[in-house]
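Here chain A shows up in two complexes: once beside chain B, once beside chain C.
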Partner chain A sequence: MTEKTSVLEKKPKSFENLNVLGNQGPSEKKTFYIWFHSRKIQKRLVMFTFMFLPIALLGIFTYYPFTQMIDFSFHKMKWIGAREWVGFKNYIDVFKREDCFGALKNSLYYMGGAVFQLCLALYLATILSFGVKGGKFFKGLMFFPYLINGIAIGFIFKFFYTRGFVLDTVLQAIGLNIDNLPYWLKDQSINNVSLAATSVWKYFGQNMVLFVGAIMSVDSELYEAATLDGANKWQQFCYIILPSIKTIVLLNLILSITGSLSAFEPAFVITDSANGTGTYFTTMHEIAYTSQKVGLAAAMAVILFGMIILATIFQKVLFAVLFKNAEIEDKKGGKKRENKINRMKKRKGII
Partner chain B sequence: MKTKKVLALVLATIMTFSLAACGTTAKTTETTETTATETTTTADDTTAAVDTTTEATGVPAYADIALGEDYTDLTATIKWYHHKTDREADGSIAAYIAEFNKLYPNIKVETEGVTDYAEASLLYLNTEDWGDVMMIPAIDKNELSNYFLSYGDLATMSNLVNYATAKEYDGQVYGVAYMAGANGIVYNTRVWKEAGITALPTTPDEFSADLKLIADNTDAIPLYTNYAAGWTMGAWDAYANGVCTGDYAYYNQKFAHTANPFANKGDETGAYAVYDILYNAVANGFTEDDFTTTDWESSKGMINRGEIASMVLGSWAYTQMQEADSHPEDIGYMPFPITVGGKQYAVAAPDYCFGINVHSSEENQTASLIFVKWMTEKSGWSYNEGGLPINKDGEYPALYSAFSNCVLQEEEVALEGEDNLLTDINTETELNFNNGGDKKVQEIVECASDKSKTFDEIMDSWNTKWTDAQSSLGIEVLY
Partner chain C sequence: MKSDFQLKLGTFLWKLLQYTSLVLFGFIAVFPVVSCVITAFKPESEYKSTTVMSLPENWLYFGNFVTAWQKSNMGRAFLNSTIIVIFVVFGSVMIGSMLAYVLSRFKFRGNGTIRNLFLYAALIPGIAMQIPLYKMMNTIHFNNSIPGYIILMMGTDVISIYIFIQFFENISTSLDESAIMDGASYFTIFFKILFPLLRPAVVTVMILKGVGVYNEYYSANLYLQKSELRTVALALYTFVGPMKSQYNLICAGVLITLTPALIIFILFQKQIYNGLTTGAVKG
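== the complex of A and B ==
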């Protein structure tokens, strides 16, 4: 009892203290206090304080440097020393040089890898979401590569592809002759495929886990209904799963394609981006750090940014067109059903 | 409940404001720094004047410090950024510092070995409070005074240390090398003997014949390229100077002014001959089977055990190869096989130089000077690394015995007013000689391997780039 009363007594006291500190009239105080504690203001206050940190971090470490980079791209400059304004010369140079856009050709290998990776991930995710024995174990196993540092993966695969090492030994064990095997990193016709494969190995598990999550959110009654209607697994996949998770598929596709445009680690670590494996990013790194043409490299970065935006818009439009047809069919289907029901009702009414 | 809320709110505001404070201070230092760099480039003389005044107020010159006598009671903590991560890891740097602290117990030296030093150090340098001692990264010579303290003038310093000109600008010395090396070839003496070679090669043709003997008579890889590591390929640039021309003024003074410097001279000299050795070795199959999967770390043990016969690397590599396995006595070092006018030449070249932060406090600068002087004169670091002496009265390690018949000298520096000429043409052509231009040497290996380009085609493309850059930079062609 005593404790309770003391708490009750304390409360008004603390208000008094506030009043004294504020040095304002009691009526005004109360309105300010009420205003300050009103739900609207509190909500805004909480929103502001919670958002301030992330937005400040984003601004300081992402947007401020980005504007600086755009500024760099109009200068001829080294990391240290005086700058010289050159206007659009750096951008013109990027388009004139063979190595900048030539390196984009190698991104096609990574894009191909990305598509293969998504298909594989989708396939495995579908299988795993239909209750496989040890499903969680396999999920963990396949997700694991994503947790390894990219540099470490680079070193693993350098030895993996070394002549007579892991891959060659495995292939020999299944009966292939080493003389018929290519040099995985030396042969320029295959080395980019080898590199893209390491990137697939790293990321397919992560894609798969995202897909599994999305597939789990599909209502299982739909499968039951479909099974009753006689739909096989493939039809279930095409008409239930895929439309339900199309957003996450699109997201993964965009991430993978933009990721392959800016592929860096495999080429940089495994082959030192030499021997025809240089990507746009490694070329940019070479120009920025070895030749210290910072302006030119910044221009390359801005152009890459533009390309990624274009690729994203293109994909959005493409998907809108692809999925629009499906929606139109659905809408028509709905109308047809409605018409049918109306007709039935009419008939009933007539009867 | 209420008090808790208020507390949380106060905490949140404090945190946000403290962050905002960080942001603003960072911003102000950055703006001052950019203005500093922009203004100082136009007014080098004024900063030089500032430097001399700061020296007068308390920081002694390198020459005036008597180790073990002066400043023994100085208390300071200095921070040293360096690139020798391997020596940091094996504890030898800590051992040097422990030895140093016997003489100067109150100077605490904190060290940080940075991997990827060449790039990271440039980023450090842009903040003024990075520490006190740094191995000077690749910056233009006219920028040295903006970042580093002068050790003294060139006349005084060149009496005390070798290679004083390495980081010199306007008569002031801003860097003291930690070691110096000569450039030749590391080889396994046992394998070369087993192959039936009695005399060391002096010309590219003799070298090629020797590689063939090794290929025929032993199981070792005659020449290991270390292609995959990248920088090991850039090491080939170290021979495109006095070594291949016999002219120590060539690289820094004439190279940029030379018309078509990569043309075939026909007498097995010049840059053409240097890179031709590599092309031929690869084309004839005297190198490893799969160059893309070479591994630098394991190559050290392989040459030690005799699985590799030779590698083209600077003399700094010698001790690493000796330490890599159980046959240190088999490792030998020979001059590069090019003879100009009947003589072989070798270039003694300084490695990274100690630089002292011009923005540090006076005590820290004094302590750093003492530390650098001690490292140069007393530590024996250069000798232990198999380097040529930095201190004027230093000793030569045994590995240079094969160099007794060849001229060993340091390169002459660039002519006055042309300090940045070579850097400019290097970046303009993107060939980057001795400056991380690994890609161009790797291309030689690739083309030699799949025969996609002849050696002459590669050299022609380099000549074209060189000529284009000469005209776009307005460099006179004199030679």
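== the complex of A and C ==
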């Protein structure tokens, strides 16, 4: 309390001080002092010191390498040594070589996984938000895989999928014959599904937490009112939950799709890209660091960046189209409410 | 109208569905890790003679953990990781909060441009950038150097800046104004008045960034190749060759590297969830 009053008391004082200082100033030393301590200069000083480092780092570690990447993509080059301008040859190669662009079809498995993961996350988030005992505990269990490092996940699932180990033991226990089971990581008809499943395992809990957060922000009175009106859970989900979180669901869908274009972790640490599990990214890694075809790898990176930009633009357009109507409705609703309030005010004023 | 019995049956079925789903997927989430825990407590002979899912005879056998720790030089790796995490987290918090302060409090030409520059940077896929970055890190001799790696990790961080900007926008500017009236300098305002208020955001950024840096292995693998510079994740990666099928040792190693993340998670569950939600809403 005393502090607050002191602030109030000081207010006019500091103004006076400023004015006095501003009018004074015959001696040079003092004018420099005043100039240096003037708000304008102080502001510039703070802006410079606070922004210099982050912007410098952003330039050095993001934008400069980005221009370099584009530059590399037009050259035939290794890490060390002379380079040669080849124009668009690298780009043409990316589309021609089976191992480059062809690897993108493995992304389809991860996209499928991503869609499944979103549906699962949405389902579990809904269940959690309708109130359960121990909900926090289950939420924690399902979320934790997200915090495990990629190498550890790699080992866990190598162990999990190896012939005769964890998964096979479990399946045998429920009565399946091991001879009918595929080699989860070697059999080309199933191994990409196995890998995409590890990605689902890692991320479904994280998605779920995001959705729970979004559902919690819905006014709980809405559910109560709906229950009183006799709406069942499915109706509540369709008419209350889904409309209010559709933005975040769609956003995550698109993030997952761009994420699956750049999927690399499972193939990188579990199968070492063997047996047809290589993704676009692991191929790029190999071309860059093993074959040392730096220009070609840079072209792959630029193309990937292009695809991600396209997906982002698509998202913006989609959102603009989908949510335009909703916004107009909102505005109309708002206007109506405003009018109503105004009318009420007028009435009260009259009374 | 539904009868009383129908209502009760409906509620019962709904509860049944709720709990079976949660138990099933909770089980799926922990089961691979549990299988690892079971194996990590089995000595060599027991591991070879029993099936994977049979429980260990002695839950207090820590031999695998000791061997795994020594073989991969985990002590050194934990020291390296701790140094890296502390400096990167400190740097990211300072850089992020200071930039967010200027961007959210000062109106100047270029404010929007700077925000957009950081926003677009988030679109560029991090791993795609590694090719030019690798060449650059070699040129400026930042490879095989822990300080170099720390600077790289601080420099490629956008999310924490967003968390801070969002937080600043929820702090009333009247605080700044009254301090200015009091004659406080901008530095005082930031460090003495606003920074203490940022605490929840600081905790969130520290945890998310800390866990992220601790788990990072792709960049670490490229830039910290000398064995004495290895981080924890990289030390675990050395198990790939020599211990190919000794899963009792590998699982012990996995559990060692996973423990710090587990402790952080148990202690700061709420902050982690909050941080993720703030980051996501900003999109």
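The criterion applied here is as follows: the second predicted complex is superposed on the first by the 259 of 351 C-alpha atoms of A that agree within 3 Å, B and C clash if a C-alpha of one lies under 4 Å from a C-alpha of the other, contacts with A are read in each partner's own complex, and residues count from 1 in each chain.
Simple rule for what comes next: a contact is a pair of C-beta atoms (placed from the backbone, for glycine too) under 8 Å apart; a residue touches a chain by one contact, two chains touch by 3 or more.
Note that the structure is a prediction, hence the values are computed from the model and not measured.
K.L.:
Output check: A:Gly81 vs chain B and chain C. Expected answer is one of first, second, both, neither. What do you get?
P.N.:
In the superposition, A:Gly81 contacts chain B only.
K.L.:
Which partner does A:Ile60 contact after superposing on A: first (chain B), second (chain C), both, neither?
P.N.:
Both: A:Ile60 reaches chain B and chain C.
K.L.:
Using the superposition on chain A described above, determine whether A:Glu286 touches chain B (first), chain C (second), both, or neither.
P.N.:
In the superposition, A:Glu286 touches chain B alone.
K.L.:
Decide which partner touches more residues of chain A, taking chain B and chain C as the two options.
P.N.:
When the residues of chain A touched by each partner are counted, C comes out ahead.
K.L.:
For A:Ser262, is the partner it touches chain B (first), chain C (second), both, or none of the two (neither)?
P.N.:
So A:Ser262 only meets chain C here.
K.L.:
Is A:Gly150 touching the first partner chain B, the second partner chain C, both, or neither of them?
P.N.:
second
K.L.:
Output check: A:Gly276 vs chain B and chain C. Expected answer is one of first, second, both, neither. What do you get?
P.N.:
first
K.L.:
With the two structures laid over each other on chain A, which partner does A:Trp234 touch: chain B (first), chain C (second), both, or neither?
P.N.:
After superposition on chain A, A:Trp234 lies in contact with neither partner.
K.L.:
Taking the superposition as given, does A:Lys186 touch the first partner, chain B, the second, chain C, both, or neither?
P.N.:
So A:Lys186 only meets chain B here.
K.L.:
Overlap of the chain B and chain C footprints on chain A, residue-wise?
P.N.:
Comparing the two interfaces on chain A, one with chain B and one with chain C, the shared residues are 11, 14, 45, 49, 53, 60, 79, 159, 165.
K.L.:
Which positions of chain A touch chain B when the two form their complex?
P.N.:
11, 14, 45, 49, 52-53, 56, 60, 78-83, 158-159, 161-163, 165, 183, 185-186, 188, 191, 271-276, 286-287, 289-293
K.L.:
Can you list the residues on chain B that touch chain A in the complex?
P.N.:
2-3, 9, 12-13, 15-16, 19-20, 23, 37-38, 41-42, 118-119, 122-123, 125-126, 139-140, 143, 227-230, 289-293, 295, 426-427, 430, 432, 435-439, 442-443, 446, 449-450
K.L.:
In their complex, what parts of chain C are in touch with chain A?
P.N.:
10, 14, 17-19, 21-23, 25-26, 28-30, 32-33, 35-36, 39, 51-53, 95-96, 98-99, 101-102, 106, 108, 114, 117-118, 121, 123-125, 127-136, 138, 151-152, 154-156, 161, 178, 180-183, 185-187, 190, 211, 214-215, 217-218, 232-234, 236-237, 239, 247, 250-251, 253-254, 257-258, 261-262, 264-265, 269, 272-273, 276-277, 280-281, 283
K.L.:
Please give the residue numbers of chain A that touch chain C in the complex, ascending.
P.N.:
By the definition above, chain A touches chain C via 7, 10-11, 14-15, 17, 39, 42-43, 45-47, 49-51, 53-55, 57-58, 60-66, 68-69, 72, 79, 120, 123-124, 127-128, 130, 132, 134-138, 140-145, 147-152, 155-157, 159-160, 164-166, 169-170, 173, 201, 204-206, 209-210, 213-214, 232-233, 248, 251-252, 262, 264, 268, 281, 284, 288, 294, 297-298, 301, 304-305, 308-309, 312.
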